[in-house]
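Look at the two complexes coming up: subunit A is in both, with subunit B in one and subunit C in the other.
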Partner chain A sequence: MSRKSLIIIALVLSGIAPVLFAQDNVTPQRKHAIDSLALEKVRDLSKYISIIGDKGTSFSEASRVIKRADELFATGSKMGVSTLASPAVNYFTVDNYFKRLMALNYIKVKIDWYSIHYISDLEKQPDGKYVGVVTIYQRFEGYGAEGLKYTDVTKKDVTIYVEKKHTQINGMPIDFWDVILGDMKVTETKKQ
Partner chain B sequence: MKKIVNNYPKKLIKGKRELNARRFLNILLAAVITGSILITDTGCKTHKAATSTNTDDAKAKAEAAARKKAEEEAAAKAAADAAAKREPYNRVEKYFQQISDAPDVNTANQTINSAMSSFKTGDIPVLIIIYRNGISVDYDQPTTISKYLNYLKDQKKNPNAVDHLEMDGNGKITEVVLIKK
Partner chain C sequence: MNLIKWISLFVYIQFYLRVEASAQTIVAPTLEDEVVLYASTKQVNQFFRRFNNEESIDGSRYYEKDSLYRNPITRSFFLNLLFDKENSFVKEDLKRQFIQYVGDPEKPVFLDFHGGNWIAQVNTIFYWEGKEVNATLFLKLQEEKIGSKWVINRVCFRPFEEFFVKDTQDTVHFLHPLSHELEFMNLYKVFHDDKNILQNYTERNYDPDYLALFLFEVKKGNLRFKTVTDVKFHFFQVDNWYFELSQFNRAGYNTGWLISDLQKLDSKEKDSLLKNVYNRYE
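After this line comes the complex of A and B, so read on.
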């Protein structure tokens, strides 16, 4: 190979290399977008739980929403459930949790999540995944015929896994960030 | 000399005077005619120039008007083309907003059914750009239009704008690319 060819190859590579490295380089702006995306998934779950628990939601709608909520979790993920009556925390698979939520023995159920925030920022792990922990506060209100029957506030922590994945859409390669929720642990239950 | 002149016969003197007068008249006439010719000629030239200027002005005005009309027509056509191109985007964004703003599930479902007629199937892909910087683009997990419309209904929010639509030959949307607002 002539010296001239080597110079041309070097010039071409010097132009391409920064682009290739830039794609893997997660700038603060990009990281912020990923953080927001993960937090948004938790907020989406909050809305799904509210719809599933709402006694006004039809069975077909609740079933559809359960599927969407299920898709947010890693397979086999568990949800912690607590009451003021007992210090014990029971864990159910998310699918079972949603079905139990739908079948709660109240006339009306109101579930609100608030103060959703990271307690452990998304950090890149050696395997390339990002892992973080988000805390939420859940206000639960169960109404009977005579009015408010039970209420509590539960603090829960959920682990979030974010992984870059690759797929093809209509023949076009797409890199996307897959946000998966893990176990949801109860850390505190108190009266409202 | 005076004496000599005075000695001329009167008739002769009278004839000379007439001759001088005629000469004077001839010169005057010639001068008047020349002047008239000059004036007429100058007048013609001025008129010619004025006529020519008027013709050029009219031609320039007509050309400018034609050019302006052509420009206006081109701008109107470009605006119409842009509006025609933008129409599906506006329609889809309007559906998104109506679904997320729907007062109840039934209304939202009716709007979803109407919206579905714009798409080839309920399974067409929806890509959501969460971050873009030059050639570097980050997406959320791809979904389908059916799931996305229900997402808007469930979440009661419309967090993404339409970035790009792929259409087939029948004007049906085959792919949706959204971007975070």
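After this line comes the complex of A and C, so read on.
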């Protein structure tokens, strides 16, 4: 196995999850690889939301997961929430959004994710980073003592920033593309 | 087979082939729901791709080398899907004409994200003098040395406009034609008179820059952003046509970003419509 292959494997195992490329334009093949990486991050987010919302999750575990979820987002990212009744957007910090989810007043919460997702094209912004939006759908069920109390379906449009980064491993320079999440718009689409 | 049936069949196959990645993350609540979500035009980006037939039913991107890229047959399916079907103001015949025009096999018309001639209308609420007041911002996509960005190019804010209503028939308030001989000493009259008619001393075509005023007031802390309430887009990219794109968050298959208004126009009508759009309060 070549030295370069070993370094790539090391990067993958180190959690950087790189998409390694030499140039900085986005070809269809590269876009495909970046999409996979973006989806992986969004799936991590979905998983964390499910754990944080789950009433069976202990407070300390939920707090730990909130920290992990926070790390997926760029500093200063906001959650914008609108409902069917009120289309005006309410803004929350990422941390507050998760804390509110953790504090919901139900005996049991069930959060499911539709397998459908939609990934936009990537557009270059003036700072050289690429930006895209991944759309996913979540179904939420909140149970009270007398059974199902509330259910809704929300659309989540998640901003993704894609940036080319550089690192050195064993003195060897490596370029890779990294994905970080940004603002997220949460829109209620169905309520019962 | 119509498009919804086509999507249903696609989702049906997906549904039974699906392997659940993890019990915590992926569940397909109902087949019906999934069909609805597939049918929805979920992003403006998807509207562009569907309009141009640059993606498959499941949203996978087609590139130029793909055989179905901008395919005229599947494109006409998608174009039909992109109208708000609950809007009776846009007549079927007009839609047909539009679809024929953009789908002309000799000279097809495609939308271009970076092609200009489309603007965003963002309805917002600001705090102003202790009250919540609507402000409509208009933004356009500006190309930069690297990449592009949305920039604000206009604002509609009713309190400013009311402030500048001009009485064009005013024959009382003016600076007489020999004012210059007195080195305009009579300006005292302009600035000490009733401030409400100050604008009557400006030239006939005076057009206040409301955006400059708006930015000034935000910077001074007199205007404070609260929220966005609605977004729509106005497209002038297709020669001799205008259409409006709005988001429909409702039950059924005809949801997401859809054409909510369609008009056939000549170049003169285009200018007056654009002016109209910029003066809209919703």
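Going forward, the second predicted complex is superposed on the first by the 130 of 192 C-alpha atoms of A that agree within 3 Å, B and C clash if a C-alpha of one lies under 4 Å from a C-alpha of the other, contacts with A are read in each partner's own complex, and residues count from 1 in each chain.
Keep this in mind: contacts are C-beta pairs under 8 Å (C-beta built on N, C-alpha and C of every residue); 3 or more make two chains touch, one makes a residue touch a chain.
Because the structure is predicted, anything quoted here is derived from the model rather than measured.
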| item | value |
| --- | --- |
| Which superposed partner A:Val89 touches (first subunit B, second subunit C, both, neither) | second |
| Touching partner for A:Ser36 - first (subunit B), second (subunit C), both, neither | first |
| If touched residues of subunit A are counted for subunit B and for subunit C, the larger one | C |
| First, second, both or neither for A:Ser58, with subunit B first and subunit C second | first |
| Subunit B versus subunit C as contact partner of A:Lys47, first or second or both or neither | both |
| Common ground on subunit A, meaning residues reached by subunit C in one complex and by subunit B in the other | 47, 51 |
| Interfacial residue positions of subunit C with respect to subunit A in the complex | 14, 18, 21-22, 24-29, 33-34, 37-38, 42-43, 45-46, 49, 59, 61, 63, 113, 125, 144-149, 226-230, 249, 251 |
| Touching residues on subunit B, where the partner in the complex is subunit A | 105, 125, 127, 130-131, 133, 135-136, 138-142, 147, 150-151, 154-156, 159, 166, 174-175, 180 |
| Subunit C partner contacts - residues on subunit A that touch it in the complex | 28, 31, 43, 46-47, 50-51, 80, 84, 87-91, 112-116, 118-121, 123-128, 133, 135, 137, 139, 153, 155, 157, 187, 189-190 |
| Subunit B-touching residues of subunit A, taken from the complex the two chains share | 19, 22-23, 27, 29-30, 33-34, 36-37, 40, 44, 47-48, 51, 57-58, 61, 64-65, 68, 165, 167, 169-170, 174-179 |
